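To keep things clear, I will list the structure first and then write my remarks on it.
Chain IDs A, B and C follow the sequence of writing; residue 1 opens each chain.
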Amino acid sequence: MEFSLGELVSRLGGELVGDPSLRVRQIATLEKARNGDLAFLANPKYRSALESSQASAFILSPKSAALTDRPSVLTPDPYLYFARAAQLFNPPKRPAPGIHPSAVVASSLPASVSVGPNAVIGEGCVIAENCVIGPGCVLGDGVALGADSLLHAGVRIYADCVLGARAIVHSGAVIGSDGFGFARDPDKRWVKIPQIGRVVIGDDVEIGANTTIDRGALDDTVIGNGVKLDNLIQVAHNVHIGDDTIMAGQSGIAGSSHVGKRLMMGGQSGISGHLSVADDVVVSAATVITKSIDKAGVYTAMLPQMPHADWIRNFAHLRRLDAMADRVRELEKQLAAKES
Amino acid sequence: MEFSLGELVSRLGGELVGDPSLRVRQIATLEKARNGDLAFLANPKYRSALESSQASAFILSPKSAALTDRPSVLTPDPYLYFARAAQLFNPPKRPAPGIHPSAVVASSLPASVSVGPNAVIGEGCVIAENCVIGPGCVLGDGVALGADSLLHAGVRIYADCVLGARAIVHSGAVIGSDGFGFARDPDKRWVKIPQIGRVVIGDDVEIGANTTIDRGALDDTVIGNGVKLDNLIQVAHNVHIGDDTIMAGQSGIAGSSHVGKRLMMGGQSGISGHLSVADDVVVSAATVITKSIDKAGVYTAMLPQMPHADWIRNFAHLRRLDAMADRVRELEKQLAAKES
Amino acid sequence: MEFSLGELVSRLGGELVGDPSLRVRQIATLEKARNGDLAFLANPKYRSALESSQASAFILSPKSAALTDRPSVLTPDPYLYFARAAQLFNPPKRPAPGIHPSAVVASSLPASVSVGPNAVIGEGCVIAENCVIGPGCVLGDGVALGADSLLHAGVRIYADCVLGARAIVHSGAVIGSDGFGFARDPDKRWVKIPQIGRVVIGDDVEIGANTTIDRGALDDTVIGNGVKLDNLIQVAHNVHIGDDTIMAGQSGIAGSSHVGKRLMMGGQSGISGHLSVADDVVVSAATVITKSIDKAGVYTAMLPQMPHADWIRNFAHLRRLDAMADRVRELEKQLAAKES
């Protein structure tokens, strides 16, 4: 893949400063770029890296245009432009269509679909055009998969779950396992509640490696369009996730919580069960949300790291905060009594 | 599956109010129920949903009996009755017995067992009657599996591990991987300690998707009867888990800790290594237990979420709690000096 | 496997006290040891267990030599000696070389390599001598695997990733999945940034069950020699991990952070993105590092567990710490005013 800067701008937009016939072969960071590479400056504080960069051309914001006299593409959001240029230089490698002879397929598939070695597809599945089902994937009966979706090796989808178009699902992800629902009997033993809902996932969703999404108990677990889930995430039964939500690694949402659009969850963060969260909320890393949130904004609950000895000294008081508050109140009372 | 209310009550108990010949087809929530459905009211605060529900019949506690004049089954624990009725309406779908020709099986199995496509079963395994081993599962040599157990697609069980009867194991779960044991040599390199114990699991245990349970170092990792583990849980080597324990998603127990019966662990909670925890302990979500617990009760250590700006303002003081305590003490001293 | 104490000492060193012809068959804990076993005392506080142990011989430090008159091997680090003796008694069981007929292999492999049933190996892979690739593993095109490496069942390695010699990778681990990189467009939708880096892993690395390691965005994700990762760990794109680092279960490192040598991370701990961490740092369990660390030492940020009622009482004040600090300052001011 190689493009002239003129071709690039005609495909992706942006204002070209310099020779439109200059050819670039790959996208790179300022530091690692070599001759033939296109590098980007997303943050003006890295301008010194720009000066020393070996890149042949740059993606810059208009206000950084004066930082170099090498060929540049000017665009209001260089990082977004970089993403699109990177897609252009690196189209996904898709295996040729066809069903590997070792795959076990009980549904009829369009000729454009690729099924890898040792994959297993149950009965009554509806797989749209151009899907890729990687080696060792297992799809239960009645699974639906939208057009152009890509399942990497070893994805498991339980019966009757639905994924939209252009899904990307990474290895080891599990979609549609039983939700965690039990009633307790008088002997304090757990009685399983059958999980008869499905998982229903919108278009343009990416699901990370070893992430798990449980099916609903009676109703469905629902994931909107454009949602991006990182690795090792837990989405419990009957959760609803709004469009364009993004969740970082090892975060999770407990059962029946409904979160709004464009939620951003940091790594190792969590949302407790049966809550509702407004649109445009940001949950900081390692923060657990235990009450519903009805207002957009950033929410945090995280401890500042300390050298261990400092932590020992400071945290002893955490167990006695209530007593300390009493003592401050008492001091105030005494002092007030003196004043009068 | 369709039952008359009379059949239902004769199978599951409860007091029937209304026509015993009325037939119901499925269990449903109050909101989603339609004609032919049986809905349940577990919490009297949802009584308005009951009034507007389209369900044909209800499961109610005796004290809610007056809330409707539609047919009802009265029972002291409607949620438990719901669980049992849901099981009746939704018996698990089990594939037909037999070994798929693509499976690679080196042990002899009862004729009642079902082995899915591309599953692999090692030598010397003892698989009891009516087990289902899903597509792509891998069982090492010498694995034992109790009667009526169900392994969903892609479960991995290492050599010599033992599961009891009626186990349900979800996709991607790993049982018997090496415990995390190393000694440090004088060059500060890690020397692996072979993990020669097993994992031994009781009856009626459910294990969630992508959960991992490590084998013991010298002795076994032991999980009691009736234990329910959600997704993405880590159980380290030599842990003992008491009967009827329930652990929510992304929780974990570190090496050699022994926990009692009926432990309940919230999502993302943890128990450090080498601890002992009494029976009937509840660990709140996102709480880490770092000291042994010898008394039943609820234990918590979790931060309240705050708008980020509030958090910045408040948490700066956490690093200086010790100094604040000193200042309060000094104030008390000065005030006392004034008094005298 | 059975050794005389004389053979043991000639292989592993240590000073033998007692009969060199005494034969021992296995390593065991003091409590569980029987006749024929070799037990070890790593911590003098367990001396009473030594007295009642049924072991035939012991591994002891020289200063514990007087605690028994049974045969003993004296060594300055009994735990390390135990690890090495345990390796001697329990050599890993490796399957016979050869490719199982059900495996789908598109690269040429040395005759010493073992490939299990239903494994899939892409084109252009470079697999060194004596590797074991377990049942159901999937290696993408161009994967390199160093000599004597062991992939347990169901490991997935994406295209072009590199592992060094003597790797041990447990079931369900995923290496080389896409890093989590997106740019946001003006409509607040996420645009995928292709992840074209690799994962490059040094020698003697162990990777736990269901752990995930993402490939780099433009450059590589790099893991040094001798690194040990437990289960369910997340290593994000472009992370660099220094030699001999050890990470406990459910911990994680966010994108682009570079950590030094011999980092030790406790269970459920995390390191935020774009940080740098010095050599010889210890991160306590459940602690999240949000600022770079430039000095060796132990760092902690964890709440002490409390009975729930105590927690309710104490943690209410956390939201008002700033106000409490103001009140203390005010009291100091008033008291100072009185003094003058």
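The definition used in the following text is that a contact is a pair of C-beta atoms (placed from the backbone, for glycine too) under 8 Å apart; a residue touches a chain by one contact, two chains touch by 3 or more.
Bear in mind that the values here come from a model prediction, so they are computed numbers and not experimental data.
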Clusters that remain linked by touching, chain B excluded: one piece
Interface numbering overlap (same over half, different under half) for chain A and chain C: different
Length of the line joining the C-alpha centres of chain A and chain C, rounded to whole Å: 26
Per-residue multi-chain contacts in chain C, two or more chains: 102, 118, 136, 154, 172, 210, 232, 250, 268, 302-304, 306, 315, 318, 324, 328, 331, 335, 338
Interface residues, chain C side, partner chain B - complex: 27-29, 32, 77, 79-80, 82-84, 86-87, 89-90, 92-93, 100, 102, 116-118, 134-136, 152-154, 168, 170-172, 204, 206, 208-210, 226, 228, 230-232, 244, 246, 248-250, 262, 267-268, 285-286, 302-308, 311-312, 315, 318-322, 324-325, 328, 331-332, 335, 338
Residue numbers on chain B that touch chain C, as the complex places them: 102, 104, 118, 120, 136, 138, 140, 154, 156, 158-159, 172, 174, 177-178, 180-186, 188-194, 196, 210, 212, 214, 218-219, 232, 234, 236, 250, 252, 254, 268, 270, 272, 282, 284, 287-291, 293, 297-304, 306, 310, 313-318, 324, 327-328, 331, 334-335, 338
